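Heads up, the next two complexes both have chain A, just with different partners, chain B and then chain C.
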Partner chain A sequence: MTRVLVLAALLAVLLPAGPARAVNPDEMLADPVLEARARDISKELRCLVCQNQSIDDSDAGLAKDLRVLVRERLKAGDSDDQVVAFVVARYGDFVLLKPPVKGSTLVLWAGPAVVAGLGILAVVVFFRRRRAAPAAAAPLTAEERARLNKLLEGDAP
Partner chain B sequence: MTAELGHFAVILALFVAAVQATLPLIGAQRGDAQWMAVARPAALLQFLLVAVAFGCLTNLYVTSDFSVVNVAANSHTDKPLLYKISGVWGNHEGSMLLWVLILALFGSAVAAFGANLPPALRARVLAIQALIAVGFYLFILLTSNPFERLIPAPANGRDLNPLLQDPGLAFHPPMLYLGYVGFSMAFSFAIAALIEGRVDAAWARWVRPWTLAAWCFLTAGIGLGSWWAYYELGWGGWWYWDPVENASFMPWLAGTALLHSATVVEKRDTLKGWTVLLAIITFSMSLLGTFLVRSGVLTSVHAFATDPARGVFILVLLIIVIGGSLALYAWRGPQLVSAGLFQPISREGGLLFNNLVMATATAAVLLGTLYPLLLDAVGGGKVSVGPPFFNAVFIPLMLPMLAVMAVGPLLHWKRGDWRAAVQRLWPAMVAALAAAAGAWALVTDGPFLGPVGLALAAWLGVGTLVELAERLRLGRENLGRSLARLARQPRAAWGMTLAHLGLAVTIAGMTGAGAWVEESIQVMAPGDTVRLAGYEFRFTVSRDGRAVVVLNPEKRVYNVSGQPTTEAGIETRLTGDLYAVVGDRGTTADGRPGFVTRLYFNPLVAWMWGGLMIMVAGGALSLTDRRHRVGAPARRGIAAQAAGAD
Partner chain C sequence: MRSRLIYLLPLGLFGVLAVYFAVGLTRDPKIIPSALIDKPAPEFVLPPIAGGTGGGFSTADLKRGRVSVVNVFASWCVPCRAEHPQINRLAGMGIVPVYGLNYKDAPEEALAWLNALGDGYTAVGADASGRVGIDWGVYGVPETFIVDGTGRIRFKHVGPIVGDALEREILPLIRHLQGGGR
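Presenting the complex of A and B:
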């Protein structure tokens, strides 16, 4: 029985408690331009207690607090970058769904480009070798050269 | 009794698999026909045993036997029969049993239909299938036994998560697993080829249909999952770059590359080493996907470390399978000599470009999915990698691929003329420009990617039709002859045309729904109206006969778990979906009581799934092609064998 309870508890943690309801009308700003900016910023910020959800998608209490915070900063006249910096200063880089480029994320950001570069290199080498191989295999022997010359001169062997 | 029977069947299957994994392999090495002959009956018997075990578990679910832990934790007497059955694989233990069932199914298919395979190749393929199976049987028996008893039995079960009680999700896991596990065929053939040191056209003829079948199932599985997320999670999203989604997307990307490179092996006898490597990578991604979803490592590296039995087991299995096969590849791979030569600008070159992009995309998704785990594991701090990262990396990769995709099929094998190909594509160019201009004119303030995406979709769609017209020599010969050619087109060629057309339609859908979605969130009282995307949404309590359409979004409360879920009301149209969700109670701006409503207009979103269905249909059509059922032509088979003997 305890096993079942543990499983149930795990499920409750792993799965969201119902579909996300996210942004509610009472949080929204009256100014549509400001609200649109708030939505865009919210999509880039992680709900810290959820798995892979932005605060714009999540109905967790913490996500709501962050949404309200973002809107308060915007109302106070912050730029988008200032709002994000404000949140990052409190919660760290973990809150950013698109991690900043820095030492610890260099592999992440450079990785795809490196793989693409290696792939292109491999393809180039592949074609180079292919071109080199038949050329290397084809040097004519003296006998063949003599036959070729005869052919070129027009008399059949 | 049923539970014990099932448990016993799994144990027997383990032993049969152990025999199947060893005797035929040794027999093939020694050239002993009798030892090799063990493989076929063993594969059939193994399938029979797992089928019995799976049948037992299904029976336990249908009869609601709560003296079994797994049933008690995931079922309930009040659950509809469909969800009692889908509950079998709606949990960890049951889904692992489904995994081995499908693995054994594929193995028995080789045993049953592989009569025209060389006996040594068949023996080795079946042995490697069984080796994988041994790993998974041990995993089930040692860490994830679905037949474990629960004494005393509870009066009723704990029910399946309401979100999973949905037809879309009932069939999503079997589809996905048919895809994942289907790639094990390509893997087993690849390993067998490495052991034999030989890859020929006959090999590719066998690998291609299995890969294609797996690809079709995986495409359908991913499509179903995305569709489910769209209508069930209730905010109109369809892809979240969630690690669980990525887990199924990585094998798809690698498998798509494999599909294309296997074509080159079959037709042109080249790219052999690379194709074998891709087969290994594709199945490794399937295993990795299983590991990611099943080990709990995604929740947190620390959760994984505190309850490590399952995770460590799969991790070790992963290291043995992937590490072992890559080591074998490093040792034997260089022996696979490719014969066919080709220029960079050629059909082969185009397919190679597809491989380059797909491999890079696989690596990018892999890196993004694993990076937070790796960084955390080495103590490098916590980092989030979410949709903004994946979009920033993935979309730039896909744009050039879509651009080249229309050109590639128009190039000749060996040596192509890209100028001539592009010149023939003028209708596609016109369509692309028209689509971009139209999109630009209709939505002036949308993101830049909108017109670009639609233009590429039009370019690819019309380009694919241009290629079909070229094959029919439409306009260059009289119409009757072209129509006669149309009837003579092989089904495999139709498959390619359909799959590429399907992708064009899907891209259009993704672009529309991604770039131009319109949303309105507010509290509405009965009688209120909201205008969105030119439609007037009226909140009514009863059905309104004069309306364009009646949407019936619901809030449901599931009796057993008490968990509320929202069901979206969706009206699908060619131009886009009207999507409505009812939320909690609230108060309108002027103080009347009402409900929070979320209204969306998702332009072209249905095209995405329609396109996926066309892609799957294309793959399925290609599978029925006669040439997949016969081996390679005898003449080439003999020539290849002679070459292999040299």
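Presenting the complex of A and C:
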């Protein structure tokens, strides 16, 4: 009973909190629509200091500078794509958490589908072949039957 | 014969994985190739460090037909301290102007740092906001760029220039570019 209560209390504390965000109130834009766009863009941009976090998540100084930069570009009237292109021009595709589909990333994007396709093909071929294989073996000859009977009776030679 | 070959499959897969790991694990994930290689240096004008005696520098200084080096540093950056003797040595050779980009630093601390460790820079520009650093694609100090005579970024070294990095990477490229190499 106490265990359940403790668990419930823990969940009550932890669940509504959600992941902590690094965005400070003073960075936020007054316009909620622009701010929402800034948040969406920030979630797609990698923090280059702590590479597996987005700039929206990261507390690094550079992430903060980039968050502010994204908001400035938006305020200046850039589209979302223009803002992203602005950052990519300086830091390369690596700054995108979701790599773009292009020649050099084709293996990355098509690889899993190709491997899964090959796997399915292998399974299909395997079962087809098994079904095509002769189901019943040739019947025993009279000589084999006689030897088998002898073995079963227990007086093998 | 056909069915026997399948037993070689795990060995083959292992081979492929081994090659991936051999290449992948010897790379430093912290080093990100610069998007600016062979692109013109960004347009900027940087003021000198406030209270200092030197002048700042700008894009125009990098387009004077000479190969130049731009070193991004800050007084709060520990590896910068480690590499600084090499930067001073390069500057002391007198073969290229070495510009310092003082990244997100407090002026008085930057000046004290340069006083203590020696200031071999041709000029130092103060990038207090870090905005010029972003234009250069700086993501961690120290970083060092080699810019050719036309103001085009040709090389970027991420991290401190220590050990034989100056002899191995920086000097050969400077000589190559100065010799009219493309």
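Some notes on this structure:
Heads up, the rule we're going with is that the second predicted complex is superposed on the first by the 112 of 157 C-alpha atoms of A that agree within 3 Å, B and C clash if a C-alpha of one lies under 4 Å from a C-alpha of the other, contacts with A are read in each partner's own complex, and residues count from 1 in each chain.
Assume a contact is a pair of C-beta atoms (placed from the backbone, for glycine too) under 8 Å apart; a residue touches a chain by one contact, two chains touch by 3 or more.
Note that the structure is a prediction, hence the values are computed from the model and not measured.
In the superposed model, A:Met28 lies in contact with chain B only, and not with chain C.
Judged by the touch definition given at the top, the superposed model places A:Val107 against chain B, while chain C stays out of reach.
Shared-chain residue A:Ala89: touches chain C; no touch with chain B. Contact with chain C, but none with chain B, is seen for A:Gly61 once the two complexes are overlaid on the shared chain. Look at A:Arg130: by the touch rule set out above, it reaches chain B but stays clear of chain C.
Within the superposed three-chain model, A:Val49 lies in touch with chain C and out of touch with chain B [touch as defined at top].
By the touch criterion defined above, A:Ile120 reaches chain B but does not reach chain C. Residue contacts after overlaying the shared chain place A:Leu97 against chain B, while chain C stays out of touching range. Of the two partner chains placed by superposition, only chain C is touched by A:Leu69; chain B is not. With the contact threshold set out at the top, residues 51, 92-94 of chain A are in contact with chain B in one structure and with chain C in the other.
Across the complex, chain A meets chain B through its residues 1, 3-4, 7-8, 11, 13-15, 17-26, 28, 43-44, 46, 51-54, 57, 92-99, 104-105, 107-108, 111-112, 115-116, 119-120, 123, 127, 130, 134.
Against chain A, the residues of chain C that register as touching in their complex are 29-30, 32-36, 104, 129-131, 134-137, 139-140.
Chain contact summary for the complex, chain B toward chain A: residues 69, 72-73, 150, 154, 158, 161-163, 232-235, 237, 240-243, 298-299, 341, 344, 352, 356, 359-360, 363-364, 367-368, 371, 375, 380-389, 392-393, 397, 521-523, 563-566, 583-584, 586, 596.
Per the touch definition, chain A reaches chain C in the complex via residues 48-49, 51, 61-62, 65-66, 69, 88-94.
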